[in-house]
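Alright, structures below, take your time with them.
Shared between the two complexes below is chain A, which has chain B as its partner in the first and chain C in the second.
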Partner chain A sequence: MYQFARFAVIRAALAVLTLVLVSFIVFSLMELVPGDCAERYIAFKASQGSVISAADVDAERVRLGLNQPYVQRWGIWIVNAFQGEFGDSCIQRLNISQLLGQKFWISLGLAMSALLLAYVIAIPVGIIAATSKNATLNNSLRLVSYLGLALPNFLLALMIMLFSTVVFGDSLTGLFSKEFRDAAWSWAKLRDFLGHAWLPVFILAWSATAFAIQTVRALMSDEVGKLYVTAAAARGVSGRQLLWRYPARHALGPIINSLGFDLNRIFNELPIVALILTLTEAGSLLIEALARSNDQQMAGAIIFMLTASIVGLNFVTDIILALTDPRVRRSILG
Partner chain B sequence: MTDASQVDAKVDQKLKEAYFTASQGQLIWTRFKKQKAAMVGAWVLVILILSGLFAPFLTPYDPTIAGRDKEYLNGAPQIPKFWDENGFSARPFVYTTTRERSIKTNFRWITKTDRDARRYVVFFPKGDKYKLFGMKFDRHLFGADVGYIHLFGTDSTGKDIFSRTFYAINTSMAVGTIGVLIAFVMALLIGGISGYFGGWIDSVLQMITDTVRTVPAIPLFMALAAFIPDTWSAEERFFFISIILGFIGWPTLARRVRTHLLTERNQEYVLAAQLCGASAPHIIRKHLLPSFTSYIIVDLVISFPYMVLSETALSFIGLGLKDPVNSLGVMLQNVTSADVLLNYQWYFIPVIFFIILVLAFVFVGDGLRDAADPYADTKK
Partner chain C sequence: MTRLLDVENLTLQFDTDEGRITAVDNVSFSLEAGEVMGLVGESGSGKSVTAKSLMKLNASNAHYSDDTKITLHLEDGPIDIMSLKNSKEMQVVRGGAISMIFQEPMASFAPAISIGDQMVEQLLIHTDMNSKKAKEVSIEMLDRVGISDASTRFKQFAFELSGGMRQRAMIAMALSTKPKLLIADEPTTALDVTIQAQVIDLMKDLVTEFGMGIIFITHDLGVIAQTADSVAVMYLGRVIEQGPVREVIRTPAHPYTQGLLAALPDLDNLDTPLKPIPGDIPSPLERPPGCVFNTRCPKVVGDVCSTVVPDFANMTEHHKAACHLYTQPQNGGSAK
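== the complex of A and B ==
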């Protein structure tokens, strides 16, 4: 038990260290960007008709603490970031946690559901593909998973939208119906949300499933030919029991291990899907911050949060793996 | 023994000899040729790359605003015909279209097709000037004897979609190539140092690589791309996007290079060479490098479609290349509006090329991976 706790603590420390490194990358990128918050604010004021001098810009910099040295500002940012506090948005002059609020959790929920859906489909299909000798089945599965790669999800989204506009007269966009947009959470709102959320989840899961099928298939076909499976078959275990209890358990380890990167890939696609389906969540907020308003504070906060959830998932999968896989457990307990 | 069996044995012997003396490249090629899907993919890929390279010659018009057809905006594809109700023609032709706007059409532009005015397809006509391999030409593969011909239709400014598509293939391939090369150099350097030195240098470099791999690359590089000044020219943008793509790709490649080096370094054949008194440079050059160049090439081919996909994604949201440049991403950007979805479906034609390109790459990459695996035959 003590050793296990030590393992968990070390893993947690490593996760925090990764996050600190990530925050440094993100923060440096935000700094590399030409112009800072003060200039942007002053530019906004100038566009409103007030006369602005260089002294005003400097005063604003002092007010925002932008005159402090780089490392010091990074330190302040990272300490605040770990408390979920990202300061004010450059453009909207509002607290970021307030602007981001539940939107981030909606994004995370969508991405996690897509991940879940992908593996619910991929694990059985991948196992069947690896063990079946049926060439037609194998080839068509291969083609489908290639298509998952070659057909970009934004295209898929567009096609579904086109189809539903023509057939149902509803473009299926957005996350909430009009009457629920600003309402407090309730059963009716939740039902409405689920009615809208299946489409982004499906589209995000599309390419994730293609990847997952390939991974599961490759891992399974490596394991199926091994001697312990033959030994188990010789002892009289057969059929589904043979597959699930022996090679599948072995193949599961690397899959759990790579969940973090799958989430990473889904996050990569989230902003684009959000843009097409006009979702009101963190992905579209990110595009808004980057492509339209150059809001570096907001963009930094969102990227940091996304990475934090990936690091978090990696930590959780490490712990799960240590609990479920006897080989890993043994290497920890020594 | 009969004569026939003796001949057979001789042929067999020859085949065996050829097999045992074949170079690694020949072996890979032999295995690759056996895979039908990969061969089809390879042919498609070669054709696409060549048509991208020779786009200025193969396409009838300049893909920029200079080559636009003012009379045919948002025009439907014109499919060449050999016959209609006015009779047969040995030369393919399309119809002349005119646009008009009057009180009768509710002041909207209406395109009318005049089936009596045929435009014949001509081969090797003089057209827009272009440069190919540093030389100036003005001949194109085909064109129309009067006015314009648009096989894939035109976009909202009257640019020929057929021409734009072929130029776009070229641009996307170029961006992908530069991106892959940058990723490759970085991966070789970082993965090489990491794998060759091992120890704490390896640990530190792996820590950094893993961290970079954790951050979702596209949002991160969207942040970089978002701040490209508007004043940059199309070429500067182009190179910047290629560099960004290179930075997206390197961590995965670097890890593979490192793993290859680490495992190969401890192989018995390396030990054997060392015991024979071979020097370190000799081992690296003659044994280590050939042992994984094929894998690296395969990895490069496999990572290529991701580069093209990333370029499309960046351009699609308006952060990558922009309109005067023709890339597949820029072309896809145009299909998002509902107007296009419902009325101008021919905007989707470049999409088909895009899917074919990515699929071809995936098939070739997969085929190469199987062909480069020396144990592929023994496993099954």
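== the complex of A and C ==
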């Protein structure tokens, strides 16, 4: 027990270290973009018609602390970042945490739901596909799965919107109905949210499921052919006991391992889907921040939070793996 | 002695993308209780497939011929193995009356399930023990095969044991249900020579103690000479020679068996060059017509070898070989 706690602490420390490293890279990238926050804001002001001098820019730099050395600024940024404090947005001059707060959790919720949905479907389907000898079933599963892989999410989103607009007269966009958008959370608002959220979750899960089915099927096919399965059959183990206790049980480890990777993929697809479904509450902020307004502070904060989610999930899967696989467990406990 | 197993006309084909290939061709043999039979041949000769047929353990693309008949004689009466339909019916021969141990002890234990759990599982399937009793019996068996500190080993996983220890555990598991027939598929090939000897001794002791039959599959004639009472030599899915082990090894009749024995290194005279059998075993997709060995045989007697499948000819009462050397009177009849 003590050793397991030690393992968890070490893994947690490693996760934090990863985050610190990532934050350094993110911060450096923010720094590499030509110009800084002061110039950007001043340029924005100038475009609004104000007359700005070079002295104003310098004053703004001092105000934002941009005249301090690079490493020191990174240090301050990272310490704040771990407390969920990312300073003000370059352009909007509003506190980023307040701007992002709820939106981030909604995005994470959408991505995690899509991940969950993908695996709830993929694990049984993948196992059946790997073990069934029914050629028709296998081929149709393969076809659906290739469709899922080949059909881009945004196209699927557009098709569903088009269909829904024509048939129901509702384009199914957004995450909240008008009346709830600025309302405080309530059961009615939650119901309204769930009524909207299923579509982005479905679209995000679409390709994730196809991908996960391929993963599960490949891993299962691998395990099914192994000698220990034949040996178990030779001992009289049969039917479901043979399937679940042997190959399925042993394919689980790599499947758990692939979760972090899949969350990453889903996050990557979220902004595009969010853009099309006009989910202002979700990932489209990132595109907004990066591409349109060049808002470094904002982009940095978003990337940091995304990375933190993925590192966090990987930490959880590491722990689950250690709990389920004796080989991993023994290698930790020594 | 009492008859334990009869295999008659075992013919087995696999459907593959390249077509239907014949893995085992008209193989017949029988085994007495308490007898150790060696099944010898190169890789690809069909010896493992033959062994797996006894438990109907071959892949689902396997087709047995209609005249294939495998009968296991138990105290409660004979079991016609080919007629067993589903996996529930087959439990009698899978881990019950027949147990099998494999070449790779590491790979034949499930890596994430403890050795004890796998042993208990088998006992729960085949006996009416409760899990407490099954655990006791398992630990007893581990102890019996010479594993020290058996109750600790019981909780461990295959990767935590040494190679020899794993194979002992495998033997303990295979014997825990007191099978009548043990199939050992190259059980010592993956082990060091010293460990090999220990494992073979252990198996010989256990045969005597449990009074069961063993089919010992190997490509190593040395191991067979030490272990087996009788031997069947297989080549490309056919038994080409069989008989009591001493007779077959001292006076091999089939040119293939002669070649196998000549290919063994001579430890008394290390300067003698090795004499491998020339050529490779042909692909099962291109089985030679006539005698399957005719493409590599140094003693071909004529066209008959590549056109007619040789029948068995008796060398002595129990020693027989399928070779035209002994079926063609014009070539001198019995070559011995």
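The criterion applied here is as follows: the second predicted complex is superposed on the first by the 328 of 334 C-alpha atoms of A that agree within 3 Å, B and C clash if a C-alpha of one lies under 4 Å from a C-alpha of the other, contacts with A are read in each partner's own complex, and residues count from 1 in each chain.
Note that in this section a contact is a pair of C-beta atoms (placed from the backbone, for glycine too) under 8 Å apart; a residue touches a chain by one contact, two chains touch by 3 or more.
Nothing here was measured: the structure is a model prediction, and the numbers come from that model.
Engineer: So if we stack both complexes on chain A, do chain B and chain C clash, or do they fit?
Structural biologist: Fit - chain B and chain C, as placed by superposing on chain A, sit side by side.
Engineer: Let me test your reading of the model: by the given contact rule, A:D325 touches which partner, first (chain B), second (chain C), both or neither?
Structural biologist: In the superposition, A:D325 contacts chain C only.
Engineer: Looking at A:R235, would you say it contacts chain B, chain C, both, or neither? Reply first, second, both or neither.
Structural biologist: Only chain C; A:R235 stays clear of chain B.
Engineer: Contacts for A:L227 in the overlay, against chain B (first) and chain C (second): which applies, first, second, both or neither?
Structural biologist: second
Engineer: Is A:T165 touching the first partner chain B, the second partner chain C, both, or neither of them?
Structural biologist: Once the two structures are laid over each other on A, A:T165 reaches chain B alone.
Engineer: Would you check which partner chain A:S28 touches, where first means chain B only, second means chain C only, and both and neither mean what they say?
Structural biologist: After superposing on A, A:S28 lies clear of both chain B and chain C.
Engineer: Considering only touches as defined above, state whether A:R245 meets chain B (first), chain C (second), both or neither.
Structural biologist: Touch partner of A:R245: chain C, not chain B.
Engineer: Report for A:S132: first if it touches chain B alone, second if chain C alone, otherwise both or neither.
Structural biologist: neither
Engineer: Compare chain B and chain C by how many residues of chain A each one touches, and report the one with more.
Structural biologist: Greater contact footprint in residues on chain A: B.
Engineer: Compute the least Cα distance separating chain B from chain C in the superposition and give it as a whole number of Å.
Structural biologist: Across the overlay, chain B reaches chain C at a minimum of 5 Å between C-alpha atoms.
Engineer: Would you please give the residues of chain A that touch chain B in one complex and also touch chain C in the other complex?
Structural biologist: None.
Engineer: Quick one: which bits of chain A touch chain C in the complex? Just the residue numbers, please.
Structural biologist: 133, 226-228, 230-239, 242, 245-246, 249-250, 253, 324-327, 330
Engineer: Could you pull out which chain B residues touch chain A in their complex?
Structural biologist: So the residues of chain B in touch with chain A come to 207-208, 210-220, 222-224, 226-227, 229, 305, 309, 312-313, 316-319, 332, 335-336, 338, 341-342, 351, 355, 358-359, 362-363, 379.
Engineer: Going by the contact rule at the top, pick out the chain A residues touching chain B in the complex.
Structural biologist: Checking each residue of chain A against chain B gives 18, 21-22, 25-26, 29-30, 32-34, 146-147, 149-152, 154-155, 158, 161-162, 165-166, 171, 225, 260-261, 264, 267-269, 271-272, 275-276, 286-287, 290-291, 294, 296, 299-300, 302-303, 306-307, 310-311, 314.
Engineer: For the complex, which residues does chain C have touching chain A?
Structural biologist: 55, 57, 60, 87-88, 90-91, 94-96, 99-100, 102, 104, 107-114, 118, 121-122, 125-126, 157, 159-160, 173
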